[in-house]
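Here the structure is laid out as structure tokens; the discussion comes afterwards.
The first chain written gets the first letter, and so on, giving A, B, C, D and E; residue counts start at 1 in each chain.
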């Protein structure tokens, strides 16, 4: 029996041939590479972060599918919004998301990102994530199991491979809409006001 | 110990809730003295928590100080009642270091001012301008409805009680109508029979 | 002709470098009781980063950093001959000897420092500071060993040094080899000396501000650089190689050793690693030097 | 900065290398699936023939996740309101309180749990009839 | 470059932070001059939400208060409700609760093992530990129907009886763990690189620890055998044989040794529980959720979580809703009073190490 990555390679490539007929070969290649390598930002925004370690370490080993963690937003492709999102976190998520370079994707975990979830009547969490950030894939659960998270990634990879995941373009095109919603809950200043911002120093360090 | 506390500090008895938990309700002006008394004469040297309960109907906050012995075998609940509006309470952050953060938390959630606490900045909220959230008059669902929207698509929910009532009434009406129709049918059948005879 | 050869060298280093990175990820994955990514995952990663859009700008100096590093890596590679006793794949090594290579080895960190310093990211600057303060301690045992080798073989030419070894220097003078190996582990960025890019401390260090094409450039650079350094070590200590198979075998054994060592231990703090490198490997290398010149 | 190296502490981590020859822990997910556990709290199922439309589940749900709706289906005769529950998986937390309070025991949770979609409006879930 | 004062935020998005929180660090070079903790990124207002729900409804929400180990919350909530309502639970459910609590403690310690080893870049240990933690979660899945949020310890007992053959599987896991834990000694606890990093880092003195109300491994790491399970036994801990491990160093390494010894003790406790598990009812009869009322009274209950004393204050007001529930987890004081002091003078590379060794868990600080 084939083990490990060989098996995954087969699954990934098996899905590939079906939905790619409309793409030009350059697009196809670009999307193929994008699909095969996904860097996930190491930011546990909510309780879903507790199922991230099993997903990314040896039990479910997401690296088999080319999915691995990235330390900084500059290098990340995917930000996982793992569950509920308080205003204070939303501010940081938006800042982080805007630091990521295109193409970038958002994976939303759990009930809370869809319609408020358990915290539907909480005064400090947002209810619908899609009002503030464009979401590529929702994963069901509270918490989603590692299998669900992997399934979410596989679906995302399929969409990327087919060239359909384009939420970052949506964010740029409808920036005013998103900014309006963000300002409605966060106030005029959406970016967090750090008292000491290192960018204020002349020329950095 | 209980006797001294009753005669010197409290109006009511010390209540033994569990083997490891005593509770006493005292007036606010004796609070500091009682904590000092327990701190100096016994080994109640650790402040475990400060909590506050909002009794809006009775118009006061119940502040509870939980003080534990050094060997952690017994906890004293010292409860004192303070007013709800513009509450100003003496801070214990000089005596117990950890009180600083607990008071900061209570200040944020209830709006209680702790005099002598040098840092009462926002702890977990950011740019909060509404009523302190844990006060009873703050209705969180109302706040949510005012500021946020839920997902559409669930408007077809049926009020089951009303629907049951309606269906029952309908059924009853149906039954009665049936009954009437039956009676009428019976009557007419009877008539026909009679006529036939 | 020479251009074609250089291009071929570059291609080999690029391919083998990424292959080794893939193997590295797979082997460490096995140590961690999992399967690990596809073999060419690092290559896919770098291509994907080439395809990303650039979102940051910190001026031309920032972009110059990766380019200096890349050209440093490529020139280092060109000055290291792949095989002994032949002029095939010897690149520019006839134009420069070991001193040039040693000089070029320092160029990489320097270019890094220039680029990252202008990036404004404090974590990047901290990583560079760590790297620079560790630089001397890291290179010292290596230099001592190299001096010993040069005096033993009486030449500063890398292919001559490789050809001079009737028994490998690693076996004949193990102390020198061990001393140099400690340095080498640090140069390869492996634990316990991986203070520069520690993600939980300085946020991946120098690379933290780079994204897109420049990160891809850095990845390719490190692949090429890794292979160049491995070939250098093989030439200096493991008796060089006569064919591709021998070269791959020897570099891979060395690489395997380095990555296995790296997954056993956690990282030192910067002062600790400087102190350690100055005391243990340097002492070992000095003793090796004395023993080697004695006989 | 102080450091010390003891022999045991240097040699004992070598057992990490032994893992190379052991079987990995990994469940290679899409190809190999973990067998589902009996009693796992996944999606809802509702036996329509038993459901009495009492809305107890709606009442106990603190997440306000359950709607009682009318659908084209054959109801139980005893279903007094002729409504059946629909779950909003944008609210549900799979606590299974609703199944606990169900008088005829018609509402249950099954082992299946996978639902991945790019459309957030797909989360209104009609319990399967089984 | 060396002498420049810079301020950085360590977190909330940083690989070396123990959850969604941040520490603002004032640095000269890499030495920390001042540290300020910021939390609130996970504030959901649990204490408010609980007030809006009936007691039974509130039961499902409390386990979310601490994500790495939800069960102490459930146990605390159930204990507080039972004490207020005067419910006496059956012997079997007490044993099952202890089993769940100890399994969750073991799982939380594995998570700590992963975090602590990751903070010095020893990734293999973390990868092994998370996989071993998953074996415990598999047992939970079987017992409670969920991996992380079990919602299992119910006021009045536990929600499900043990599945068939469950105890055998627990003892099988325990014998595996006993073998496995020795491996972790080899590769991590005794690893000289960990010793070099951890010994002498983050030292807490005994007097300070006692006076400021620190709990858990912080106390035990400086020689005070403080453990709620011994000091004020709840459930059946009074009948079980176990020790409270202590160390004298007061540093990161001492706390690591304490945690490692506690894992052994947890296995030991679980063995006894499996052996002694009595037969009987698992749940007393509870009224419907709108009819279950708490008297106007208050109480203070605590359990020992994997990171120290975890306490709840609960007040009822004669209705079916809870008047006030205050959560006092171990991290509140640790993250502020302790961490802000400990970090001054430490280096940037120690931050992750110290935070992991204190086991700071942000969701329980801000609730």
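One rule holds for everything that comes next: a residue touches a chain if its C-beta (ideal position, glycine included) is under 8 Å from a C-beta of that chain, and two chains touch if they have at least 3 such contacts.
Keep in mind that this is a model prediction, so the values were computed, not measured.
In terms of the stated touch criterion, the partners common to chain B and chain D are A, E, listed by label.
Counting steps between touching chains, the shortest path from chain A to chain D takes 1. Ranking every chain by how far its Cα centroid lies from the centroid of chain B, the top place goes to C. Simply put, of D-E and A-B, more C-beta pairs touch at D-E.
Our note on geometry: chain B versus chain E, Cα centroid distance of 26 Å, whole angstroms.
Remark: chain A and chain C have CA centroids separated by 34 Å (rounded to whole angstrom). Put simply, the C-alpha centre of chain B and that of chain C have 64 angstrom between them. Between the Cα centres of chain C and chain E there is a gap of 43 Å.
Among the residues of chain E, those in touch with two or more other chains are 1, 6, 8, 14-15, 40, 43, 45, 48-49, 52, 60-61, 124, 127-128, 131, 134, 149, 191-193, 196. With touch defined as above, residues shared between interfaces to two or more other chains in chain A number as follows: 3-4, 8, 42, 57-59, 61, 64, 71, 88, 114-116, 118, 120-124, 128, 142, 145, 198, 201, 205. Shared interface positions of chain C, i.e. residues touching 2 or more other chains, are given as 29, 31-35, 122, 125, 199, 203, 263-265, 268-269, 272.
Annotation, chain-chain contacts: A-B, A-C, A-D, A-E, B-D, B-E, C-D, C-E, D-E (touch as defined at the top).
Contacts from chain E toward chain D in the complex involve residues 53-54, 56-58, 60-61, 124, 128, 131, 134, 138, 141-142, 145-146, 149, 151, 159-160, 163, 183, 185-188, 190-193, 195-196, 200, 288-290. Contact residues of chain E toward chain C in the complex are 1-2, 6, 8, 14-16, 29-30, 117-124, 127-128, 131, 191-194, 196-197, 347-352. Across the complex, chain A is touched by residues 25-26, 29, 32-39, 41, 44-45, 47-49, 51-56, 58, 117-122, 125, 199, 203-204, 207-212, 215 of chain C. Only residues 39-40, 43, 45, 47-49, 51-52, 83, 210-213, 226, 228, 231-232, 298-300, 309, 311, 313, 315, 317, 323-324, 326, 328, 332-333, 336-337, 365-367 of chain E touch chain B when the two sit together in their complex. By the touch criterion given at the top, residues 1, 4, 6-9, 12-15, 19-20, 24, 40-45, 48-49, 52, 60-61, 64, 67-68, 111, 114, 126-128, 130-131, 133-134, 137, 147-149, 363 of chain E touch chain A in their complex.
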